[in-house]
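Two complexes follow with chain A in common, the first pairing it with chain B and the second with chain C.
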Partner chain A sequence: MNEQARPPDMSGEELADAIREEILEEIADLEEYAKLGKAPPRCRGYRFRVNRDRHEVHEDKPTRETILEAAGLTPAGDWTLRLKLSGGGYELIKPGERVDLRRPGVEKFKALPRDQTEG
Partner chain B sequence: MRRQFELPEEDRAFLDAYGCPWETVVDGSPWVLLHGFATQDAGYNHDAVTAAIRIETGYPKAALDMVYFYPALARKDGRAIGATEATQSLDGKVFQRWSRHYTAANPWVVGQHNLGTHVLMVEDWLMREFEKCPAA
Partner chain C sequence: MPGGVMVGLTLNGTQHAALKAHLFPGDGLEAAAFLLCGVRAGDRRTRLIAREVFPVPYSACSIRTDRRVTWPTDTILPLLEIAERSGGTLVKVHSHPGGDPAFSGVDDESDRLLLPSLRDWFDDDRPHGSAVMLPDGRMFGRTVGADGAMPPLTQINVAGDDLLFWHDGASGAGAVPGFAASHAQAFGEGTFDLLRRLSVAVVGCSGTGSPVIEQLARLGVGELVIVDDDTVEERNLNRILNATAADAEKGRAKVAVLAGAVERMGTGTRVIALERSLWSPEAIEAVAQCDIVFGCMDTIDGRFLLNTLATFYQLPYFDLGVRIHAVPEGLRRGEIVEVCGSVHYLAPGGSSLVSRGLFSLDDVRAAGLARTDPEAHARQIADGYISGVTVRRPAVISLNMLIASLAVNDLLARLHPFRDDPNEAFAHIEVSLSEMAMFRDPKPGACPVFRGDLGRGDTRPLLGMPELSRRVV
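And now, the complex of A and B:
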């Protein structure tokens, strides 16, 4: 989309968003973007690791439950989910909480079972 | 901070990022001590303690197990915490043992579990205490 094709009522920022959405329609691998220190663009899907395996979702702010379901870890209440930030620690994702996958540094997830026993 | 034995690189990286001052101490067994470890819930008698994890022979192929706290944790509401009666002398102090174990359904998996995942589970054990039995 060039300057001549810009609709007359579209601001520069809107135009930039339109271009981004037009071009970046593939799957973003979050670990790759985290290594580059860049925030992933808006994409059709987002690929990330939960523990060792890679999974995809097709929204940029999925819930904790959506991420666990994508990883086949159900029921979600049987698992904890933590977000690993590049160069940082693990942030606990609470039930119902949404994760912004386009946040810079989002690298991967760690899911751990909650069935350890006492005694 | 003492470093009386070496940990695998991924464990050192985890501990450095975790934010608690940490030590490796040999006292009968090799132990990792995390100082200022947050107890996750205001219902405990301490906001932070020292958490000790015994590094089992054969680790990281061998599973880690349980956690030990100093000073001992209790619930402010007076309710007992299950399977915490045993104690462990360590580094000149008496630690409270939280007897918590991996299950057959979700056992320790070599290459997937390590000191870092164990520490995250310890956080969850502290939180679950008040989920299963909310503060009175």
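And now, the complex of A and C:
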């Protein structure tokens, strides 16, 4: 809820209650919401898969680097990161780019090492 | 210029587009430009490699009609000086707005005056040339030799997102042989004819290199230059096509094994096998005479070297890589977390393996140190100056062949476009078998690291690298 939407007669405590109501869950699992075809609500945290394993962040628009760091994939420059949308599409996330985790359809992330070598 | 050696001209996609825009301004009149070119003076072929396009301004031309373009010679004086300083040569290019696919009488007259005077200006045997562009972008041309004769340019090619080749004269392949009937049917006899005339280098003849060589030979590529200084060992038998236990026992060179296999195939492919590292003047010179190069190497400094070579000599470069990533330590040790591979297509003048972020110049230096001074490299790792790199990574033939196949299909798509989107949309093709997905990324911006070296051709030392100086006996 932003400042403009706050009714003039609402006290600070009432406002906090209103925000708490909007936070339906502590942690939203993005894959579950993507399966339901719903946008996740604003939460304290967001859980998503990077490749096989699940990880969490505590903001709804993390940068590419924050996501890779949460997955233990550092330095971030050594990895490419793609966002997988339900239905099968992938979007490459650029360095420094923020990802809106509440966008409907965001299902998981795919990280691959930039350098692949074998002779 | 040695007698009897074919002479070709190479431009990149950006240069070809700039040339076309200048030569066909839309007024239906002829226009002219010069290409400053580097040279690969080879034993099999001489390649003129465009460094830069210099348009002759329309306003500088004293005559511009639909049949003739004339400009004062002093327009090109500064260019002559640049060419002289850089060891380069000049190719005049003008347009035939009417689409005439041959030199006209006016062209003959003009070239008979200009080309010998270029030769006299430089007073050596570097070849200069004259070429014509037609409204659809096609080009043909000729050179001037020391004897004043003007033989045709055997081949003109554009190394861009699409790979364009124009050859002098009729088809050189004759009838399509039986072995190629079905792929000639798929890609057309024109493409088969083109494959027959191609010279392709494959650097690295192991896991990804050997299936690339297998495919190129069976497609009927005319000439393969294969480079590897390694011998077959038992541990390679899991992934080098055509390698046998007897080869491992005898310690035969990988290039000898593969050259023998191609010969036995009998598809008519000529193989030039170089049992040496790419870090040798002979290998650099042989690869630089080719039209296209596949990099199937496992070292960072080797790939950087090939990227440099591809820039100096404007070679379209397909870089192949595979990766099987297993957890190195801890409770999940040995668990495979990723099986993936990539094909990077690098058009000369575009992005590089460095600008694409595959490795940094520091990584290149560290890999170079590991090759030239392993003790110093080990010390730097111990002292924490550089990070250690795993030397041998796991490799599996099933993944190698998939990536090798994607790379050769990428080549075919660039010779004979068949994809839904333009070829610039496929600069990087990546497969993850863990995700069971294929990705492709469009080409990123040009690489600043290599910009100054584009089209330089032969230099002393080669590629400007002292390590490639010829040893004086």
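General remarks:
What we mean here is this: the second predicted complex is superposed on the first by the 92 of 119 C-alpha atoms of A that agree within 3 Å, B and C clash if a C-alpha of one lies under 4 Å from a C-alpha of the other, contacts with A are read in each partner's own complex, and residues count from 1 in each chain.
Definition applied: contacts are C-beta pairs under 8 Å (C-beta built on N, C-alpha and C of every residue); 3 or more make two chains touch, one makes a residue touch a chain.
A quick note: this is a predicted structure, and the numbers were derived from the prediction, not measured.
Of the two partner chains placed by the overlay, neither chain B nor chain C lies in contact with A:11.
After overlaying the two complexes on the shared chain, residue contacts for A:89 are found with chain B alone; chain C is out of touch.
Legend: residue contacts after superposition of the two complexes on their common chain; A:77 is shown touching chain C, with no touch to chain B. By the touch criterion defined above, A:117 lies against chain B and chain C together after alignment on the C-alpha atoms of chain A. On chain A, the surface touched by chain B in one complex and the surface touched by chain C in the other have residues 51-52, 80, 82, 90, 92, 110, 112-119 in common. Residues 51-52, 77, 80, 82, 90, 92, 110, 112-119 of chain A are the ones that touch chain C when the two sit in their complex. Taken in their complex, chain C has these residues touching chain A: 204, 206-209, 296-300, 303, 321-323, 325, 337-338, 340-342, 356-359, 393, 395, 400, 430, 432, 434-435, 437, 439, 441. Remark: chain B residues 17-19, 82-83, 99-103, 105-106, 111-112, 116-117, 120-121, 123-125, 128 touch chain A in the complex. Across the complex, chain B is touched by residues 51-52, 80, 82, 87-90, 92, 110, 112-119 of chain A.
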